[in-house]
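Chains: A, B, C and D, in written order; residue numbering restarts at 1 for each.
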């Protein structure tokens, strides 16, 4: 087993600041949500609290990035938290104080970074720790992100490895447990291309392996390319199989095809990622694909469909809303122990079939009972019938317990039948 | 479990007529090779004897196809064996007599077909069994093979399903155990394309499921498209992940990348296929990529590399040479019980790493011992060293038994080290 | 000058049966429209009367093709007119009688063919005139049309040239003046592809050059590929730069970009073709992109925009409606001598500019006056102003005569200004 | 006529520093070559003396670029000559002194620029003349060159137009007559792409039109995309239809296809560009595709083939070698008045045919005589025969004068015949 696969034994669960705060989250918001997790969700398995993009940008106010703006940086070309947003980081403390508080709550701490080195370091030609090479020498001038001007990608050279080593050394010192690396995961490998994300992913892997602390490595953005599946699984713990996910049915509908395609690649330490869950209150200081400061556009049925798919597939479960504004139904939804246990502890997960209007998945739960999810993907109520024998699901006692409602049904003629509302699902444990 | 997955529990093993006889194999050659398998290889697991393409073409003499030639066909537009080549098929017997003989040897019988319906049936507008629709009505006029003029693909309609049902009914009646369907497996699915191989694959699956006999379904040609992996695994038992494979190093070298990509899709009933093994005497009446009537161009080292890769990956093992001309070393090579058991009964098969010059794979054998294969892909002798700890291979007694030579080595400093000749490999069982 | 360029000195003008009759036109309809042209349009330059696709198909009734249907064919694998639709063709007369009548009206006669040889000839293996090779030997089995099952494309061989020679010999004998060859003009040349339309185009060119009669060669369908422009101009007199054109604004809007792209390739004997004009009563026995038996959906403004663009660009002008049902305004529209003279006799034709909302073209008329067309491509009325000096249009007497209305305007401040309705145009001669 | 088309009435001729000096040319080398042109080539039409890339880079020594190096820049973010390389540029003189000297020789002066604004200006956020916007605000962060780190492309905004205006104002003040803009000409237009070279080309066009001085606009690198032909012809005087051209036969062979494709786009003010002529002594301080400090690898036959093709096509003729090291044969080659007059003053230029082994072009010279060039593209000596009647070349007195040798031939049977060495050509004037 690869070393990295020893510390993400189940799909990571937690909270991330992007869906509600964009690039602008601050210390109070971060710790406030952490406290909510500690108080309400820790017992259900949620543990990673991740500060998303641009914590080093003092002027960030939303999901829009300031062009070529000044970033907070130390003497070794390493980005550090903006003190005006994260006061406890002052005087060289960095994220250590926040990480300590989160650890004290019994949780884990994550940060987001962009691959590469700050462009401002390159144009000032500042030093890199642990090497004689300077920022200018290790940057790849044409390797730029298409949506943000902060960084240059790195050339494949010793100085670049030294830079990645130096930042993960810092993160280890802060007590970081999870790193989401961005602008790195949707590239196809091209052998004759002088630049390819593969090399930077490998340098990051090596830096983490050598940093002395276990850190989950999450890669973004998606969609990752299926032909890179092997390379991703060798180097990362989770990677985005989709572009940014938001609360629109078409995006949820499209996820069924993505899950079908990526299912063979799900295994311990390797979690293809359906992206954050836009549940509860989202878009507080960002305006991604919807109104500002809204509760999710997903209907209650769609919310359950999403959680059921994410769980049958075993995607990471990272909450996106401001948890402090959760309504009772929001909290209830994300604390269904049966569904969460499927996400964390099921096996033999597989799609049984999928067509334009329906899909069905099955798995075994931790007690080796069969679990079946039936999805109505159409806009009309429909009766869905699953021939259990056809799929070799034959060991059961003739009963099916629906996990969202607690209702029990009898299995007749070796088939599971249900009338399901539009965009809704049923998740049955066979008993 | 899908019904189809109940009858290919391990990678199919056997012999196929193409590599030595092209489209021109006859009854004597087919049965002669079957007898050789019965006498020498059955105990090692080889069992399927498959008659490849155009057994219905009386004038076939090589791997070249006669343009628009007359084919042997029954009154229901179904192709039947050419009597001049398969005398026992006369008087409506079809392949039944040959299948019976092969079954009597304790073996199984396979045939090759092209998807679709004979063009001659369409242009004569002959009947289709079990439907009022005629050949003309079920054919798709623009769905043609790019390298053979025998068939038209079928439209997605009831008459087309009836046609596929009618041919598999016939094959079941003959006693066919294995069907290799060609011109169907290298197409990407395009939602807005009126034609797509998916529909024909599904009709064939349905026809087999309803024919009353277990038949392994093998799809050709390759390379299959990775994004079709799920659909293929739902419908076929094996599918070609490569174009025609022949005895050239560059093709063997390229297979390492293909195996890396397809490895997550290998499972019971679903065997991505590295293609036939061009070993021993090949190209007797065909001239594919080499001289006529030659012994394989692969060196002994390359032959072992091929068999080791096919086994660590768990590809089907289908022999391609005329077995009756096997030299002692040819027989010895394909009867290495250790290697064959890895192919049939190993688990947790995975590539550990691969670069331009080296590759390593590991798996567990049937006794739960770790097996490691080290491949030297370069043209120079090289020392390859594998850090076992890095890959979590830690349970062993410090010894490694090489399975091709029987030599034993001590594992020092948690590493496996070997000096390996160019294009050669070492396959170790850790003890 | 190439021989072919000596007989299409101006853009061909005429009538074609497709837009109103699909594949089902008959002798009465063909001659009836010819008579209308002779009576009303000949003096304006219209002269080619073309019978479109499948005149050899006795069961054709619309624009839908019967799958694998029986075609009328002579003993040399050559298609001949269906007698039930073209009675005068009986007894081996073929199209000679119809051609004679059309010639007697002072007009010219055209036919449509598909590239290749009838599939029925290939599967019956019938003879080819002037060669020992048979239909089976010259056909390319995988070279099929994607929308019609009548023909196979031809291999590049002497027998194929003989077949093309034999059909053009027949057409010359009938008195054909214009041949529209279909399924041949939208293919990109690929050097490593065993099949490419280039070879069949060249065989057809050679067959026409040797047939002893001048025939205009028109290639379809489009869109032709711009990188083939040179090859097309060496071999054909006109070729479709668009897919089938119908009476929808979006198709007309898109033609402006096509004209921009193809303009440098317009020259004597080489007329990139904007396709037939769906004017007057169309779709009588076909249902292409609209209701059956309708008058054109184009507004009067759009009709003038179309004719103006076709003329400023110098496209062939082929009428598509049933002329006998022309309303007075339909006849008036297509007999604007000023516009038609621009189409036939202008020079220095060029687009001046084009953006999302406007376009302007200029040319010199036969008297060397500048002509300017201003197009309002937007859905709102707009004032369009053209700085004549910027485009070097400086020789004029300060007046502009609008050619659709006859109104005269003064040119002030070296600019041409006009308020133009949505989708409308103004065409000015500067005096 | 567009204003730009009034100042490049014939294909530009001259010298450029790249082929011999890469990015490292200095004042002495530039003026030395100018003096050679004035003394030896001016009478033949050569006039533009162009200083190629990175005259603002003090450390440039070859064709390799220093990563993120410091560039010489004025207070308005405009690049200025490096004083250590161009001493006369000191004290704010810029290129004015050099331009004056070149003008005094009766020649014209050209410079190379990269599209966009220096990255160092953006990261320092320096001012832009004539606008309140700063460098940071007008730069497009992801619009970077793939082979050089000097610049960012510009957003489409008023501040960007102001920047382009400001640099062309400076160039006009220096006395620049020719500007080669790089990193701009090989992009296909994509309507939904937020960035496209079209916008920057249009801003540059507008800046030149408004700068008060006639400047030829040359765009690089190639290959330009044929679908952009119209846009290029509206905005530029010449544009590269090829990647960098060097002295290898395969590159010369490939140019025949490029010329075929671009020929319809050649007209006054619009000169598709076959690139510089790597003749004489090249690569003095650069190492592009060959040894340093070499005489051209082209054979004498290939050199004539190149000049003949460039002339029959009417490409710009820009010399690339250090002219001061010309051998007598080098000077003789580039001063063949007959060939140069074809380049400058011919009409009706067209390729007659081209296949794998041969090509032929024709045109009319300034006295309306036909000129025919026959090219042997194969590696073997060949007799090439051209049927003049077939191509309509019928007005001549029966004699053909070869323009490289001065030999006279009789035209027999309306054909021009010649035995031609491998890679060689014959260029005949018909008399």
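Here is the rule we go by: a residue touches a chain if its C-beta (ideal position, glycine included) is under 8 Å from a C-beta of that chain, and two chains touch if they have at least 3 such contacts.
None of these values were measured; they are calculated from a predicted model.
Centroid analysis (C-alpha atoms only) places C farthest from chain A.
Chain A and chain D, compared by their mean Cα positions, are separated by 52 Å.
Note: centroid distance chain B to chain D, computed from Cα atoms, is 57 Å. Chain contact topology: the protein chains form a single closed ring, every chain touching exactly two others.
Of all the residues in chain A, the ones that touch chain B in their complex are 1-3, 5-6, 226-227, 229-230, 234, 260-261, 263-265, 351, 353, 390-392. Of all the residues in chain D, the ones that touch chain A in their complex are 67-68, 119-120, 122-125, 136-137, 139, 141-142, 144-149.
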